[in-house]
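Working notes, beginning with the structure itself.
A, B, C, D, E, F and G label the chains in the order they appear, each numbered from 1.
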């Protein structure tokens, strides 16, 4: 099973990287989302995927059953999911604002930062 | 005899999840291939049912209520996504 | 006992069959509105049957309550969702090829003449202009 | 009560800004109230970070376990000399930039959440400096990232939005690499506590998982820190920020990446005796060289300074690449010195903008006459950055290059010296164009430099001079910090309990 | 969206989701759920309001400013760690009240803080994303 | 601690000057008391030194780095101290008068810099600790920079200042390198100890590197070929600064340090040879360039370059006479060259002209200046009875005594002839030349402007007539300090008819011829392109601009503004280091693959996720991409569901829903099918990079299968969750208790992200936009 | 003329039961259609006049229509007088309207009172 997980994670993370290499802000955003998902699976994988029993202590017992899934990666992933969501939301807001301000999300057309004070742009041409 | 039947039923129940992978694949197919946005969104809506089903079946096979709680949450919250998609389709697609 | 197990399994099986049917409908039906019928109804019912099956299988009060809540939520949300999606599909000009028996909504709702995906498929500049 | 507060000294540099940010957010829309809270928070932060520093000096490494869960099960905060110094310098930076901000931050920025994001960022920075848990470090990195993006884009100019996007893409990639590295490390070692990792890792057989993890840490932190060839986001974005924000970024943010490298590659992974050393050395040289090259061709003060951040980071990385106590000590000294100097230079860039109406050196001028005090104050950090004795930067360069000499890394010595002269050149360029040259723009473009700006600049310049003239205690301090890095047994024992470092296989 | 069906049911969904979210928040310590999932469901309730009745209706339903709600949540989460700090000497050491087999404590306060932050944060996001572009 | 006190007083005087000078009526005279007093102190200290005796003081500075403020006064440094303070006093007076007609603040700034410079100089020549020496050394470069660019509104001044700083501070860095190497080789930074352990130094494998770096450091400072160009350009400085720094004192620091190290490198002939070669070349270049100039200060500056070359040549020679000659020439040169600069300054100040060819008949209008110039020129030309004559005789004697010197002797004769020419030119043309109209003067000689040159010229005469005054008290101790042993040397005017006398005569005769030729040749030489190219600063600029071009090109390539290029480079770099690490640091790849636990449902879900991810990369429609990404997210939720993680499944599912809510709002407002942003080639490259990344991840993951998992943490959580933290949902207990601080940080992230988005999307154009 | 509370409650129960039955029938129909050899091709949008008083009642009707065989509510006219229904079966619109009226609308009207 590990092999399948490893393969899937590898493919998904490669796709995430491929999307992040785009010049379009929203595709990059998708790349972040995909790569985040892959990394979350890596965390799960790192805790060893061996069980389907949720790490919840059944009523009447005081300790988790031995066969329960490893709870720590789950907690870490939960944190990572939330953080990933927050970042995606922020970047989406950034993209929306960029589109409102510049009318484009294509990085080839976005060069305001690089032009600001650039020595390679004629002075009168600078914003 | 009864025990055998019971075991067989358990095994069959467990493999129902596997069977569900087929509708899941078909739904994904519709999601990715469209052809229209409306088709994709309808397929996304369909995912809710499948997700609830898988969660419920998992609850059945493991005997743990926690998974049914997941189904409960999915049933409630996925509606929001459908609303958002419909709103998107209506606003993006209308003449305005 | 075994009767309940059997009933539970049958219920789940029916649910799976319905879900299967819904998915097949989703693939085979010819336009979005028809597909929606499959997804909303058969899909919901399939999920409901499966939940029912699990309730029968586990036979616990908390499970039963949760299961009923799930079914209730599904019944509450699915029709609204279907209605919204159908209307949006119609308004957005989705290609409703199966609509041969008349369109009473024509002139009532402002339906776009071309499908959204077809429109944006042409040029990006056109979308920009809208 | 006081005892509890004091024994949790390592908590406050994080808790105070986090609470300040939270309260400011809760007071949303009430700018005056936020301002008061923000100032109280800043002063308190400065006080508690000094308190932590003094406690670390007096009583050694400070460690707390959140929720009283013993390490490695809960999350640990620990301040050794390095961490305490970083926290203290963060407190100082917060104070200086807040003072400067009195004359620079506009009401509209405050309404957009400046105070919340500013203190949030400080919490993130201090959290990264003080945490003893590798996953927790990831969380603080994210806080830093998100607040930095918020602050960077706070004026929403087109350039800021574009800069923020470039910042976002590469830094998001960086944090994802970081998280991936954490996951792999957890999978291999089964623990997240950094001291515990430092204890356990030497007992593990070599594995591709660990190698990849280590190098992903390097790449992830390297992007953050602005190493060559990972630095592109920095010169693409820092110059677009408003000056107060650019100054605190320039001072602190990249240094967190460097700090993280220092921590991870001393406590957890060993640089020495692995291929890492050569990789780090090449990166260090490239960082120094291409950073200073970028700076040399710029005419916008902020851009010059941004590229110099990169260049100077190279010296810090060089200290780590040497992996000797002397190299580490030099690197730590460099980090501390550079935070003060670079933030100050950005503040001065803001003052130059005020006084001459432009950031463009070609259109600037006449400031020696208009603001001789500013001219004097500029020389301090500028010459310090250039490594002119007896300012702080001289000792920093001295220690790093001397360590390279002792390590017989001749080509690195050569690159360091060469980069030094180009650094001096670009500082001279600012001086000649902005201060010496006759004014280019009409008088109306110029406004007097407000007093808060000068006060903030003077404060940081004074620190630079003091570090330069009274270098001995600082050198002793960083020497001890480096000794602690080179032999992490003390850190491990402080976190896990006495004697644990000596028992790598034991279970606490 | 101008839909009678949705607006007729929106308030029902909203209150249902709020109720469920509070339930999930409360029981999270023992069963799946907790402040975060609870907060997400609560925020979804607000999202329904936004979609059905518009941004202003959702803002009115929360009563306080979403950012202030986040701030309050963060403050609450921080405060929940203070009793442990003062009494046990370590921040975020939770403090428990045991009534028979029923246990509650500052951990719940912490989770409420999480809940508030998530509801406020997501509502803030949704509100901003669904505001009509007044310009551009 | 008199030495430290002297330096401290000098530094303090600079601050005092900056503050008080604007309010003093005669700031020059008033402030000159400080250097004058210091001069007296050093005189007093000098009288107590006998032979090899010396005075040391030491204050720890940064003992952790082996850096002390160690000071040492011996004969050689005493000579420099007296020159620095003595000429310093005169320069201060002179500067006060020079700036009398300028804004007072400007004069104050200048005086402060002069006094600061004096302090730096004193520190340099008194320092025994090399690091301390370097500190003062760089300070002199810096003050020199500020003084050259003092008239900062002139771009030529700024340019020259930058050039001098680049050259001298760059050389300073080389010196710094040399010092660090010395410290590494000998374990000490004490100059006297290094000199004493010279044999160890030369035996060290680092010795060649030290030699090269040391020469670079000192040659730049003392304007030796090929760094000779900056010094004449430095004449942009106001004349008092030129007289002080750029002729009499600072430029001799290089010579000073070489002289110090001469003894240490005694066992290394290459050192002496290098000095002889470069010194001779510099002497010739200085002489030749002096012939090419027509500016008064320029001519003097070129001759200074030549003199510095001569000094370096002398140090390169061995023997006691060379030491005495070095000392003697330093003394004589300082006296006459400073005086001549003062005179030049007077003329320029009075006439407003800078070219010798534009000056005529000033002898009557500026008689005192003319007198001083004549006396100084005599000394420079090496004519008796001036001290310059003694010095020159010694120089020739030293050269004759050394084999290497003999070789250079012929060339030295030519160089010295150029000095004679410069002397004649300075003393005659501006003052007594007949041709042309007598120049107009704005003012006559003023006391402040003439006291300096007169005193210095008079001293040149005095020491020539009565060499005994300085022979045993100054010259011999200095030479002994250099040689490291007591020297018996004769420092007198008349040695009888020696070969040196004949050489002197030849030099004078040749010099006279050159002087006669000068009006006709100087401008032709000065405009002869090959010569200008060879001797000017063109080489400097081609190196300098070459580096800047390289910088520009590299920056254009690296920071090219293309986001994708940045990301691609970062990914490529990451892959590179990962590959290097995997190849070099990992001994083989151990894996433990078990396919017996294969479950169909998770495998199917993972397959769907892969397909979804790939579909997201393949489509051009953002909506299809969103849907495909949704499959990946939904798939993760199912994976969690199927692997015992209900909390995660629910959270992931909820998050997916909210992502849809937010991203559809985004997609609503942007084009859904943007044009492709990558070329086919770029896409292929990206595919390769992404594939490489995937492979590395895959390797890391399957390698993990061979690593046994350590379940300590999870076991603890499993056991402690309920009894100690009162929760049954262990995941949630971890989140709110065991690792609550993570969660605190996580909600802070949510808070700040939402706040940032709130700010980003606030309405434009209105205040209160935060609402 | 408002009926008693008890009657209305009973009507609710009946409505729910009827609804369940209809839902089952609808799903079976859809399943049959999905697996049918010839997938249906002709559908229609039909207008159904409605006589309900409350918006909530209309919404409930619309939802029930959606969940019953072959029909899905698409729109309610702005004057609340017409419900537009998509029907999978385009053969006999009147019959469909009559069926909906008898199974759902009348009952809802009674509950509305």
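Operating definition for what follows: contacts are C-beta pairs under 8 Å (C-beta built on N, C-alpha and C of every residue); 3 or more make two chains touch, one makes a residue touch a chain.
Quick caveat: nothing in here was measured; it's all calculated off a predicted structure.
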Legend entry - Partner chains that chain B and chain E have in common: A, C, F
Inset, instruction - Going chain by chain, each one touching the next, work out the least steps from chain D to chain G. - result: 2
Legend entry - Nearest-to-centre chain - CA centroid comparison: D
Inset, instruction - Taking each chain's centre as the mean of its C-alpha atoms, give the chain farthest from chain C. - result: F
Legend entry - Selected interface, B-C versus A-D, where C-beta contact pairs are more numerous: B-C
Inset, instruction - Averaging only over C-alpha atoms, locate the centres of chain A and chain E and give their separation in whole Å. - result: 24
Legend entry - Computed distance of Cα centres, chain F from chain E, in Å: 61
Legend entry - chain D and chain F: spacing of chain centres that average the CA atoms, whole Å: 26
Inset, instruction - Would you please write down the residue numbers of chain B that are in contact with two or more other chains? - result: 20, 24, 34, 37, 58, 62, 64-67, 69-70, 72-73, 76-80, 83-88, 90, 92
Legend entry - Touching two or more other chains - residues of chain D: 18, 21-22, 25, 28-29, 66-67, 113, 116, 135, 139, 142, 146, 149-150, 153, 156, 165-166, 169, 173, 180, 184, 187-188, 236, 297
Inset, instruction - Two or more other chains in contact with one residue: find those residues in chain F. - result: 552, 559, 561, 563, 567, 571, 642, 644, 646-647, 650-651, 654-655, 657-658, 661-662, 665-667, 669, 672, 674-675, 697, 701, 704, 709, 711, 713, 717, 728-729, 735, 737-744, 746-758, 760-762, 764
Inset, instruction - Chain pairs that touch, all of them, please. - result: A-B, A-D, A-E, A-F, B-C, B-E, B-F, C-E, C-F, C-G, D-E, D-F, E-F, E-G
Inset, instruction - Spell out the residues on chain D that touch chain E in their complex, using ranges where they run on. - result: 1, 4, 7-8, 11, 15, 18-19, 21-29, 64-68, 113, 116
Inset, instruction - Name, in rising order, each residue of chain F that touches chain E in their complex. - result: 646-647, 650-651, 654-655, 657-658, 661-662, 665-666, 669, 725-729, 732-733, 735-737, 740-741, 743-744, 747-748, 750-751, 753-755, 757-758, 760-765
Inset, instruction - Note which residues of chain G are touching chain C in the complex, please. - result: 23-24, 26-27, 30-31, 33-35, 39-47, 62-64, 66-67, 70, 72-75, 77, 82, 84, 86-88, 90-91, 93
Inset, instruction - Provide the residue numbers of chain E that touch chain A in the complex, in ascending order. - result: 30-32, 36, 121, 125, 128-129, 133, 135-136
Legend entry - Touching residues on chain F, where the partner in the complex is chain A: 552, 556, 559, 561-564, 567-568, 571, 593-595, 597-599, 602-603, 606-607, 609-610, 613-614, 616-617, 622, 625-626, 629, 632-633, 636, 639-640, 642-648, 651-652, 655, 658-659, 662-663, 665-667, 669-670, 674-675, 677-678, 686-687, 689-691, 693-695, 697-698, 701-702, 704-705, 709, 711, 713-714, 717-719, 721-723, 728-731, 734-735, 738-739, 742-743, 746-747, 749-750, 752-754, 756-757, 760-761
